[in-house]
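Next up: some structures, all given as structure tokens.
Heads up, the next two complexes both have subunit A, just with different partners, subunit B and then subunit C.
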Partner chain A sequence: MSGRVAKVFSEVLGVDAVRITDDTSPDNTPQWDSMAAMNLVVAIEDEFDVRLSTAEIVSMRTVAVVKKVLATKGVVDA
Partner chain B sequence: MDDRARQGPIDAKKAWREHIARADRPAPKLSVGLSASFTADTLVPFVGAALLAGDTEAAMTVGPYNQLFQTCLDPEASFGGPCDVIVLLWRLEDFMADEMAGFLAGDGEALKRAGDKLAALAGAICQLRANFKGMVIAGVPPYSTGVAGNLLALDNAGGLGGLHRKIAGEFVEEIGRIEGVHLVDLDAVQRQVGLAASFDSRKAYLYRQPFSDAFLHVAGQQIARIILASRRAAKKCVVLDADNTLWGGIVGEDGIDGIQIGDEFPGSAFRDFHKFLLGLRARGTFLAVASKNNEADVFDVFDKHSGMVLKREHLSAWQINWLPKAENVPLIAKSLNIGTDSLVFIDDNPMEIAYMRDARPEVTSILVPSDPADIVATMQALSLFDQLEITDEDRKRADMMRAERDRESFGAQISHADFLRALDLKVDLFRAKTEDLGRVTQLINKTNQYNLTTIRRTLDEVRALAASPDWRLYAFRVTDKFGEYGLVGVIIIEVSSDNRRWTIDSLMMSCRVLGRGVEQALIGGLTDDARAEGAVEFVGSYIPTAKNAICKSFLPDQGFTQIGEQEWRLDLADAPVVPAHITRLGAPVAEALQLADVAE
Partner chain C sequence: MSLSDPAFLGFFAVVFVLFYLLPGGTSRLVLLLSASLGFYVKLVGGYTAVLLYVAAVAYVGGSALQRMAAGRSRGVTFIAALLAILAPLVVFKYLGFLADAAHIELPGSLADLALPVGLSFFTFAATGYLIDVNLGLLEAERNPLRLGLFVTFFPLVTAGPIERGGRLLPQFDLNPRMSADRAFDGLRLIFIGLVLKVLFADTLAVPSAEVFGDPESALPLDKLVAMIFFAFDLYADFAGYSLIAIGCAKMLGIDVQPNFRQPFLSQGIPEFWRTWHMSLSFWVRDYLFMPLRAKWRRSGHRGMIAATLISFTILGIWHGAGWQFVIYGFAFGVLAVSSLYTLKYRDAAYARLGVPQAVVRVIRAVITFFLFALVLVLFRVNYLGDAWLFYRDIFSLDLLRNIWDGVGYALFRLGDAPELPIVTGYWADWFLIGAIVVGDILARNGVTLAKCGRSMHAVAYNLGFAAVLYLWMSSSVAPPFLYYKF
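So, the complex of A and B:
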């Protein structure tokens, strides 16, 4: 996957960007542990200049959901 | 300064992530164990990255969540192995949640219970200190955040604010009574970052991790600064440009009345910089001036301008001429008997800075910020002058240099032999006591030139060594008719199990006392003690470095014969005696402290 979301996930999880898909989730990606989850929140907020609520953070269990949440915040080039 | 030191939180995390991912990363130089009343995993990248920025690869381990007592009692179990550094961090709201709630609800006994809990923690830390050889760092608790922490509640001063002040103050006091435990002030970190900006309620609820990256970043840097300061020598001298560095304007063009230094901005900003510099001087850092100017013009300002806080007598050296500064700076280092790598060069001219970095990369060169209002803040952010223990010698050093100038003019008038006799030199060689260990450790880590083996040790290692029956830790003071040189040297002896062989593990002394025959008195003095303990031989080694050629002939000069590539031996029967012109103060082993006293 290309784009800024893939870049953030790739960097934080230490996984090649091509292996990041919409279905990437903690269930199929051992690197996505609770520490990484925290780091993802900070990295996403920094990259897209948004603020995530706890409900949004809890809901973000796949890359697809992350993109959907970002879309609700007006991020179009995720 | 290393650019990595200026990185932001995101960069720091990235640097650590990349370091951990590197297959070829170097073996860690030290291992750090973090134990906290909150989830400390998020602190790891920030401490790790800040240590990396100081060229120190560390292995980081986090102990179990909110188990400070267990960590203190059995650190190896907490961290799954031995550590070099243990960091203990806690928050009121985790560690004394019930007592805090009770206090805020008006329970009159709650404060006393909180005090008891605090004393128990201090006791556990004291026990850790006694049983653990490495470095211990304890955190001053930050202000309570989250639901309980309404900073602007009308009753805050006597409520939560009062509680935090009392508990934090008491903790600092309790830890202050334990020798050799360092404090990292998380309360100050929180003020620096801002209370609201240091707390992340989402992380606190979701992950039991209350702090924002902004807070963790600064906390990590502070912890790393303390660790790094214990492992490397602070810079010894600041070499200052004059125009637009010590005052605004150019004295050669604007004249003494045209430059800006005094009560009004921008003069007031330069004056505050003077105060900062005097603070460094009081802690033992030399101040020097390297300026392209007429010397008389610059000293006119120092001597006559009423706005100057920094005076001529505060300077330990100067080179004011039109030569390139890269040529002047080594002269300053030489006159102070220090290496050019312990100099910090400060100048407002980017060209001078670039030229110095190119010609003298070992000198730390710092550009004065273009806005004078930023000068002091820029300098305060530097860790170059960090020192964990400030000794009496540090405080007196700059003043002792003045006595040195008197000695030199005295020496010029008479022959060397007469000079030595007339100096009335006294060497006091003694077994180091607890109160000497700070200065002893400092010498061990900063003496580069007159140092036979250049083995560095931390305060904790020195303390362990002083308490060991297999080692003798000696220090010596030197006095002459012009004054005291202070505690200027250290000798570390390892005694063989049959007591017959004394191996000189380390021998070093400050270059301030060179050329007076002090070195001859040392082996003579040691011999008395070695004989009294039944030894028959000394073994020593000289390990050459880029800087210690000066003591290359020390062992042969004292009568040692070479028995290996770096190893030398001296039969005590052939040992030299203390030269006639030197008085050895203090008594041999009969009066020396017993080991138990040293260990305390």
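So, the complex of A and C:
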């Protein structure tokens, strides 16, 4: 996957960007543990200059949901 | 009627046959709901009202939240539903403890309330459902019978696994056809669970009960051995129960999440809690730890440490009302944080010493086990003060003296035989512990009974069945599952 979301995930999780897909989740990515999850949130907020609510963060269990949440905040080039 | 009782297995056999005789859909739903309520009434009688109340609050609360747009009134509704669903847990489980802590005397009618079996389990399942609906992760269930079955489903109602609405509710279409493979898979899980409970857990429970029942008179080495026996007893007991529950559900065409994944091979406390009572630890992770971490995400290490300590302390309190459970949870929090923040230093130390990876893995597993077993003493003792007796003796020089005297007497008949009834009277129990460890190592490496050939299957089943049958017949009263009291 290409794009800014994939870049953030790749950098924070230390996973090759081509292995990041919409279905990437904590269930299929051991690097996405509870420590990394919050590093991801902070990195996404900084990269896209958005503020995520607790409910949005807790709901972000796949890359697809992350992109969906960003879309609701007006991010079009995720 | 415990899940390991022959009576339960007879009951389940009847439900299983009726389930596949009925056409799919509502008739099966009604059957399972009736069986679940009948099973629970048989267990607790009138306290079934509590189960029905929790299911009703989950249904009404979830439906109300689904209809409301995000905003203040939805928030108030969610908090009201959450308080209503947690109220029985507070009243039945924690009121006595809270009143004691506040030096308030409760009236007799409140003080005498019994804890309905499985209250902590089905309350957490229903609470998780409500939170998922509130977060928009799950659509509220419209059919009250389906939601009723989610909360009351008989294989899970007494001690979990604590299931999620998003996983269980979609499976309640209940249209599966009878499948020999699936039935056999479920039967295998029930069989392994029975062997773990009746053969392993109930055997290991005897010596540990002797010491924990009278810790004052046990010598340090007996205390250490009882502590180890209890850790394996609890594992065999709860993992055995979980397999029976998962196997029953599987035979009815319903997949339930696993509850244990070789926890005693874990390389640290954080990994341990990802493999031990997984349905509870994942619940705490998703509904407590993650929201707290999200809230404090920019507070660096302080946020991480606070979220971990609070989550583990509440996980401890979930187990019971008493200071021993508060300390039990908090201690695991401290160990988890320490493990996370010292990992790179420990890795560097092993690398500097040139310790082979295989040896490092064994050392880490052993240390993790002993840390768990030590904290678990708090879970098992009848009084907090008894835990002090264990810790004082296990970390005293008297322990080494016991070992020295025991070895001297056993090998060279030096001095008097030390009074170690647990060490000397239950040495055969170590074979059970060895079998559990070997079984877990094989399972971790992909060797399971499911993958053995037919002849191995037959041998294992015949031996296991004979052992379970013998123990059933020789025991007039089967000990209940340890987690039934929650």
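Please note the rule applied: the second predicted complex is superposed on the first by the 78 of 78 C-alpha atoms of A that agree within 3 Å, B and C clash if a C-alpha of one lies under 4 Å from a C-alpha of the other, contacts with A are read in each partner's own complex, and residues count from 1 in each chain.
Basically, contacts are C-beta pairs under 8 Å (C-beta built on N, C-alpha and C of every residue); 3 or more make two chains touch, one makes a residue touch a chain.
Everything numeric in this text was worked out from a predicted model, so none of it was measured.
Applying the stated contact rule after C-alpha superposition, one finds that A:17 touches neither subunit B nor subunit C. When the shared chain is aligned, subunit B and subunit C each come close enough to touch A:42. In the superposed model, A:64 lies in contact with neither subunit B nor subunit C. Judged by the touch definition given at the top, the superposed model places A:54 against both subunit B and subunit C. Of the two partner chains placed by the overlay, subunit B and subunit C both lie in contact with A:34. By the touch criterion defined above, A:75 lies against neither subunit B nor subunit C after alignment on the C-alpha atoms of chain A. Among subunit B and subunit C, the chain that touches a larger number of residues in subunit A is B.
In the superposition on chain A, the residues of subunit A contacting both subunit B and subunit C are 34-35, 37-38, 41-42, 52, 54, 57-58.
Interface residues of subunit C facing subunit A in the complex, by the touch rule stated above, are 134-137, 285-286, 289-291, 293-295, 297-298, 303-304, 340. Remark: subunit A residues 11-12, 14, 34-35, 37-39, 41-43, 46, 52-54, 57-58 touch subunit B in the complex. Here subunit B touches subunit A in the complex through residues 9-10, 13-14, 17, 21, 41-42, 202-203, 205-207, 209, 213, going by the rule given at the top.
The touching residues of subunit A, counted against subunit C in their complex, run 34-35, 37-38, 41-42, 52, 54-55, 57-59.
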